[in-house]
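I am attaching a structure below and will ask some questions about it afterwards.
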Amino acid sequence: MFETTIVEKEKVKMKNPILIEGLPGIGLVGKIAADHMIAELKAKKVADLISPHFPHQVIMQKNGVMRMIKNRLYHVPGKKNDLLILVGDVQAVTSEAQYEVTGKMLDYVEKKGVKLIITLGGYGTGRVHQTPRIFGIVSHKPLVEKYKKYGIIFGESKGSIIGAAGLLLGLGKVRGLQGICIMGETHGGFVDPKSAQGVLESLCKILEIKVDTKKLDQRAKESEQFAKKMEKEALAAKGLSPTEHGKHDLSYIR
Amino acid sequence: MFETTIVEKEKVKMKNPILIEGLPGIGLVGKIAADHMIAELKAKKVADLISPHFPHQVIMQKNGVMRMIKNRLYHVPGKKNDLLILVGDVQAVTSEAQYEVTGKMLDYVEKKGVKLIITLGGYGTGRVHQTPRIFGIVSHKPLVEKYKKYGIIFGESKGSIIGAAGLLLGLGKVRGLQGICIMGETHGGFVDPKSAQGVLESLCKILEIKVDTKKLDQRAKESEQFAKKMEKEALAAKGLSPTEHGKHDLSYIR
Amino acid sequence: MFETTIVEKEKVKMKNPILIEGLPGIGLVGKIAADHMIAELKAKKVADLISPHFPHQVIMQKNGVMRMIKNRLYHVPGKKNDLLILVGDVQAVTSEAQYEVTGKMLDYVEKKGVKLIITLGGYGTGRVHQTPRIFGIVSHKPLVEKYKKYGIIFGESKGSIIGAAGLLLGLGKVRGLQGICIMGETHGGFVDPKSAQGVLESLCKILEIKVDTKKLDQRAKESEQFAKKMEKEALAAKGLSPTEHGKHDLSYIR
Amino acid sequence: MFETTIVEKEKVKMKNPILIEGLPGIGLVGKIAADHMIAELKAKKVADLISPHFPHQVIMQKNGVMRMIKNRLYHVPGKKNDLLILVGDVQAVTSEAQYEVTGKMLDYVEKKGVKLIITLGGYGTGRVHQTPRIFGIVSHKPLVEKYKKYGIIFGESKGSIIGAAGLLLGLGKVRGLQGICIMGETHGGFVDPKSAQGVLESLCKILEIKVDTKKLDQRAKESEQFAKKMEKEALAAKGLSPTEHGKHDLSYIR
């Protein structure tokens, strides 16, 4: 059986790396924040993750060269902590697939020395937020106090965290890793760069780094277009026609 | 491939333990009985079971800490027999998943010395029962006589036992374990603490223990709310909107 | 991962055994013929096959004892060839599952010395047949001539043979085994003991044995009831309500 | 678990073989081109690929002999490069299955010495083309220049390449193999021998061989009939009735 595989592009020694996750999810909040961070910090790609649970197709690029659908890990050197930023085209869509992909990712980052995981995402409310609040959920009780001081709100978010943003914390905890999910309030019906900016600002406070957010809106627009294309392709790969789109929405953009 | 995993919280030596199962099922009959027993007997958690076949999400708790969706094993010391009580948020929903989860569970409890399995559940009739009868189905013929004397009725229940309550007996039997499924008559359309009480009373007779049932109704209400939430989340994780709820009902509460 | 498992009830040394398959299929033609043969020849059960690809439930029997849903192998001693007859409650419903179950079955019967496989089934025509013709399909060209002389018609059946009746021949051939599928014409819309009788008579000629067919009609009726129950249970196990029956028909009875 | 298996019919030593893929896909463009090439070049079959991800049925042939549903590899000796041509009845329909089948195929052809993969397919436009243009997508940037000179157009095709034509390049690249996908413009709503001819002509230029195309139209008609039958059978195997055909179209013929 072909299994999820991490293809390392470059062996890099890392200093106490922190894993930051920003895969496609509600309002594309986490994706926009992480993609923007990679661009602004000039992060360097260190590994690709390919998986039989991603759509069975390759993307035709403008230069005539194909590329696989994948997740990617980028590296940023830091003072106290290096960063390892996880982004990608898609998330796996079934439970079994998410557990496998998350497990393989944790195998890899553990070897790199990761002890802390920060996942980024949106918290859907069905309302428009002028100043989206930033909620947090942690893996271990003592972390609540630690992260409260950055203005992150605890105990007011309800329900579940679906996908990688949740499972990385859950399966990471089983392995003894600590983690926090930072969520920005978002309507859920459209791409939300404002919420992404809020999440990114909280993250920067925690990491004690600065990231310019001038170009964030523009990058969000690019993200939106590509994510919509990906979603359409994923639907086509499942034999669903565009007319059934609404019903079988993969929920990357809500 | 990530497989179903039992995370042992505490190594406990057990005296001829009996496995009691009360996972979510029709009328929540088994779940209510087992959850109540755990609370009243102050049972101690000894292990978590996590599985890629459970929804790929984590639960946000009120204290700001996430937790995995899981099954749990609790321990109660006894005179002749210790008890090992299996409860949880969900059951796996496909055949392949149920067989895997049940197989892993049996691996674990066999190592702990379990020779007898008692599963609890509802027997759906579509009618309301003032005094629900208690039906039994056993793994081996001689057990019929043994359990008849506790007022459990044999040979009147028809059809199949779906999920863990049935498979634990079936796959247990293949390994040489004995078992009985105790089922309380229940309407099937709503949560049924009265049926749970009947099942619990039969179980107590068999185990020669006492369990106060004063708080059973109150606990049933809490169970209902959480189970409904779980069901909704499980649906959301499958990309089903609330409006499709009725159609894709996971049948925890009928 | 829990895999399809053959539980041997009795170690029997066999003399050049021939495998006869009669699992549920169109018109229950193969099932009726094989079940009847087992009863008339007083065949002895030698093994059960259980599988995570069968419904995740156990059957409540009238005597108060549960049993797994399974396939079963029966043994009949013979002059030149012993017979090993494969019957069961269900067939696996997906390709992956059928390949796994068939592969495990072939592993077992090869060890027992099987070199020839005879599968029994119906050939759906949508018409009622007073004297159903008997069609054959073989694994190797030379077998056409060999079996023609028993009145089996070759080259007039078209399309595909779905499920175990086809795959046992196909995967058997890859292992160097020979095989024939004997199909009786049948309407496809109902259980067809007349077609089963035709298939059985052809089989008896090939095997040079006699099987009384007086009680065949009566046994067909029992088969029908149980198969309908099984189908209903299988549907329930997939969360499908009876009202959706027609649409999600598992096609055991057509 | 039964896995995808390559059954080698004949051990042949090959001289720098190039893999040519032409499995069923949009407009049957690749299939027609590859099937025609095999016939005209009198290619010899060297291996079958069978898979639990293909429909669980066997095909009844006119001569009374069944055969498995499969993919096939044919061999053509060449001056500089031998050819290994991959054709078949079906493609796997899920991501997991496509990755497994493609991975097994690459294992085999790598052992045979393949360093270059050429996949053939249609590029759906929804329009009828009098002179279909031929588009290319390559695995590595330098190949764009190399293949441009054969009249293949780069940088004008958009979206994704679904199935084996894309994955063979993508997973091949991970293993260090080079590749190009040659696509002929096609309407997408019907079988297109004209587009297949265009693709075949480009391929012949690259390979510096000649293939007579006189009988291509006739072979396309045969391909169409068989592919339609296969599609119908694949639907039947999934329990879908013909009336649901349009909706669950496997898209071999668009």
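Observations on the model:
Just so it is clear, A, B, C and D label the chains in written order, and each chain counts residues from 1 on its own.
Simple rule for what comes next: a residue touches a chain if its C-beta (ideal position, glycine included) is under 8 Å from a C-beta of that chain, and two chains touch if they have at least 3 such contacts.
These figures come from a predicted structure and were not determined experimentally.
The chain with its Cα centroid farthest from the Cα centroid of subunit C is A.
The pairing of subunit A with subunit B is characterised as different-residue: of all residue numbers used at this interface, under half are used by both copies. Between subunit C and subunit D, the superposing rotation on Cα atoms measures out at 90°, rounded to the nearest 5.
The geometric centre of subunit A is 36 Å away from that of subunit D, both derived from CA atoms. Among all residues of subunit B, those that touch two or more other chains are 1.
Taken in their complex, subunit C has these residues touching subunit B: 1-2, 5, 7, 50, 52-60, 62-68, 229, 233, 236-237, 239.
Looking at the complex, you find that subunit B touches subunit C at residues 1, 3, 93-96, 98-100, 102-103, 136-141, 144, 154-155, 157-163, 166-167, 169-171, 173-174, 181, 248-251.
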